[in-house]
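Given below, in the form of structure tokens, are the structures.
You will see two complexes here that share subunit A, one where it goes with subunit B and one where it goes with subunit C.
Up next is the complex of A and B:
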């Protein structure tokens, strides 16, 4: 049964991967900005960063996906005076990207604050600009320190991509429910869907963890 | 503000009813998760022959998305086991199973963090293994992992939004139903998101305070 529909289902799994990659890019960049705001010396920036983190870390993924898909276009449309609509894929990426940016912001912040102040002062005393210090001194160390934690969050993000089927992004779960509506056989299909996700997540996450440990040990020990 | 009053304030009864169902599902799922997690962890650590089974279950619960598990429990389990027989039951079973996988690993870390000497001290005064576990190991490890347990509860609340998909009438379900009646999503969905964010924020803050208080009272302040 599962084998019969393998092409459709594989295409669905590819969609999971697209949503994941796009949302991960959004989450990483927004998360870094939020983390930098949060440790800024000026309090208005710090408050914005903290608000961002608290809102998105406490928001359920599903309500955010639905909110971005149904409410945000109306608000933006009212602002620019034109009717707009988001493609489900765009809504999914925005919503998941922003929700996970809250988690990534905390990971980045913990990483940045664990860098000894002396490294930053050393950079300053050599006459490096703040941006250059961030890029050359702080971030390379932060990335290595936060990798294990970040991988866990990437795994959660990938798992969260299954709910985009609810706003009709044609991912694996969506295709599976479509096939079930035709065939009326939930047992083999849902079971194999669960096993597929399990295999993909378990194997890929394990592999990535192994590689990242090797890389960390080589450069960072 | 007229819209807010009409769409949110006047519907507060329905929304509150939904929130109650959310709380109910989450609490039952949480109890199942703690008991299941403890069982998985104990089997894994102390029952050699069953260890592979416990490891497999833990990893399966941890590595499959909650939405997939929810669908699987709801539509496949009745065919295999003839149970769960209602959507509400399926909802808390799925939420509880997923979290029990995470909590099993958390408990294991907590138990392994208890120094060996504490256990040996218990044996040397003649306590039985069960007594040592119940009086010495478990209380200490629960204190160590208390913040993670609180965190896991907020994860359950977040995932519980998905039980609306299988028509459990939680807050999310009521909100989406109101949207389908009025066709005015802005106020309803914004308010619902606000309720969820506020609720989870409150739960996690209160939980952290409780965990800190317990740890301070029983002498784990440094951890």
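Up next is the complex of A and C:
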């Protein structure tokens, strides 16, 4: 039954992968910025960072996707006095990227705060700038420490990409639903969709975990 | 003795909130000299060292490196980028080593020469090997810090500071977190640095080291220099009672 629908499944899966990669990039960069705001010494920055984390961590993916696709363009359009529409792919990436940036911000913050101040002071006494210390001393260690947690979040994000079919991004679920409407065979189609997701996530996540453990162990042995 | 000291500390004061930790400390360190700083826990030794390379901003007073003020240029506060530039001239060695665990030993040593001084990787590696040789750790260049003993880690930290070719080295109790059998290897390296004419300020509880190696000894009490002089003076015939008490406790 896989074989019959392999092209449909693969085409759909490719879209899941696109949405996942783009949303992950957004989530990581926005999450890092939010984390840096949260640990800033100036309280207005801290406040903005905290607000960001609380808003996006507590927003359901589904509502965010729908809101960004249908409401945000109206608001932005009203603000600039022109009708605008988001491509479904763009809405999906923004919505999922921001929701997950809330989670990643917390992971980054915990990671950054776990780095001993002494490592940073050693950098300062070598004349390194704060930015250089962040880039060369802090973040490389944070990435290693947060990897196990981040992999779990990436898995959640990948699973969350299935809801973009709601706003007509032609992902795997969307493709499968389309075929089901024509062929009326929900059992084999939904089952192959489920099995495909399972197989992809199981294999890829397992592999990434294995590689990341090897990499971490070299340093903390 | 040359006119301009390598380090001149003038009336440094530091408070944390209402707690006055340093109450006006002044002294000079001449080029090639070793100054040891001793004193009870909480007397402000670390804070003083950290004020010198501005890991702490002094509440008042000024530090001059080769005559150049750390905290100000042309009467205005020195911006952070400029302070970073001044800090290159002061190597710091911490009680807790503070090596970067994700870099190899050589990586730790050449990081700042490459990124801060803009040296080529090749030139930095040659310099790094030279610095590691000075602390007798050439064969550990490609290890990660977690694989080294405490004494070896501290020697790497010394090599990392030396690689910046600083004008002076600051040591904050470099052997205090080491097992007793590992302190000697670190002290040996420090003695050799002193013999080679390195300008050093050393906060230490190793009275033997302070007596043998230093040109001057400062006894800090309650944020002030209570006693100061040559090792012979301070250890042989201290003027202050507190210094005498402190020494009788620490010289068995």
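Details
Basically, the second predicted complex is superposed on the first by the 217 of 221 C-alpha atoms of A that agree within 3 Å, B and C clash if a C-alpha of one lies under 4 Å from a C-alpha of the other, contacts with A are read in each partner's own complex, and residues count from 1 in each chain.
Everything below uses one rule, namely that a contact is a pair of C-beta atoms (placed from the backbone, for glycine too) under 8 Å apart; a residue touches a chain by one contact, two chains touch by 3 or more.
Being a predicted model, the structure only gives us computed values, none of them experimental.
Superposition of the two structures on subunit A leaves subunit B and subunit C fitting side by side, clash-free. Put simply, the three-chain overlay gives an angle of 110° at subunit A, taking C-alpha centres for subunit B and subunit C and rounding to the nearest 10.
In the superposed model, A:148 makes contact with neither subunit B nor subunit C. By the touch criterion stated above, A:77 is placed in contact with neither subunit B nor subunit C.
By the touch criterion stated above, A:132 is placed in contact with subunit C alone, subunit B being left untouched.
Shared-chain residue A:119: touches subunit C; no touch with subunit B. When the shared chain is aligned, subunit C comes close enough to touch A:140, but subunit B does not.
With chain A used as the common frame, subunit B approaches subunit C to a shortest CA-CA distance of 27 Å.
Touching subunit B in their complex are the following residues of subunit A: 54-55, 58-64, 66-67, 70-71, 74-75, 155, 158-163, 165-166, 173, 177, 180, 186-187, 190-191, 193-194, 197-198, 201-202, 205.
Across the complex, subunit C is touched by residues 116, 118-119, 121-130, 132, 136-137, 140-141, 144, 218-221 of subunit A. Within the complex formed with subunit A, the subunit B residues making contact are 59-60, 63-69, 71-72, 75-76, 79-80, 154, 157-162, 164-165, 172, 176, 179, 185-186, 189-190, 192-193, 196-197, 200-201, 204. Contacts from subunit C toward subunit A in the complex involve residues 53, 55, 80-81, 84-85, 87-88, 90-92, 94, 96, 98-102, 111-112, 115-116, 144, 146-147, 157, 160-161, 164, 170.
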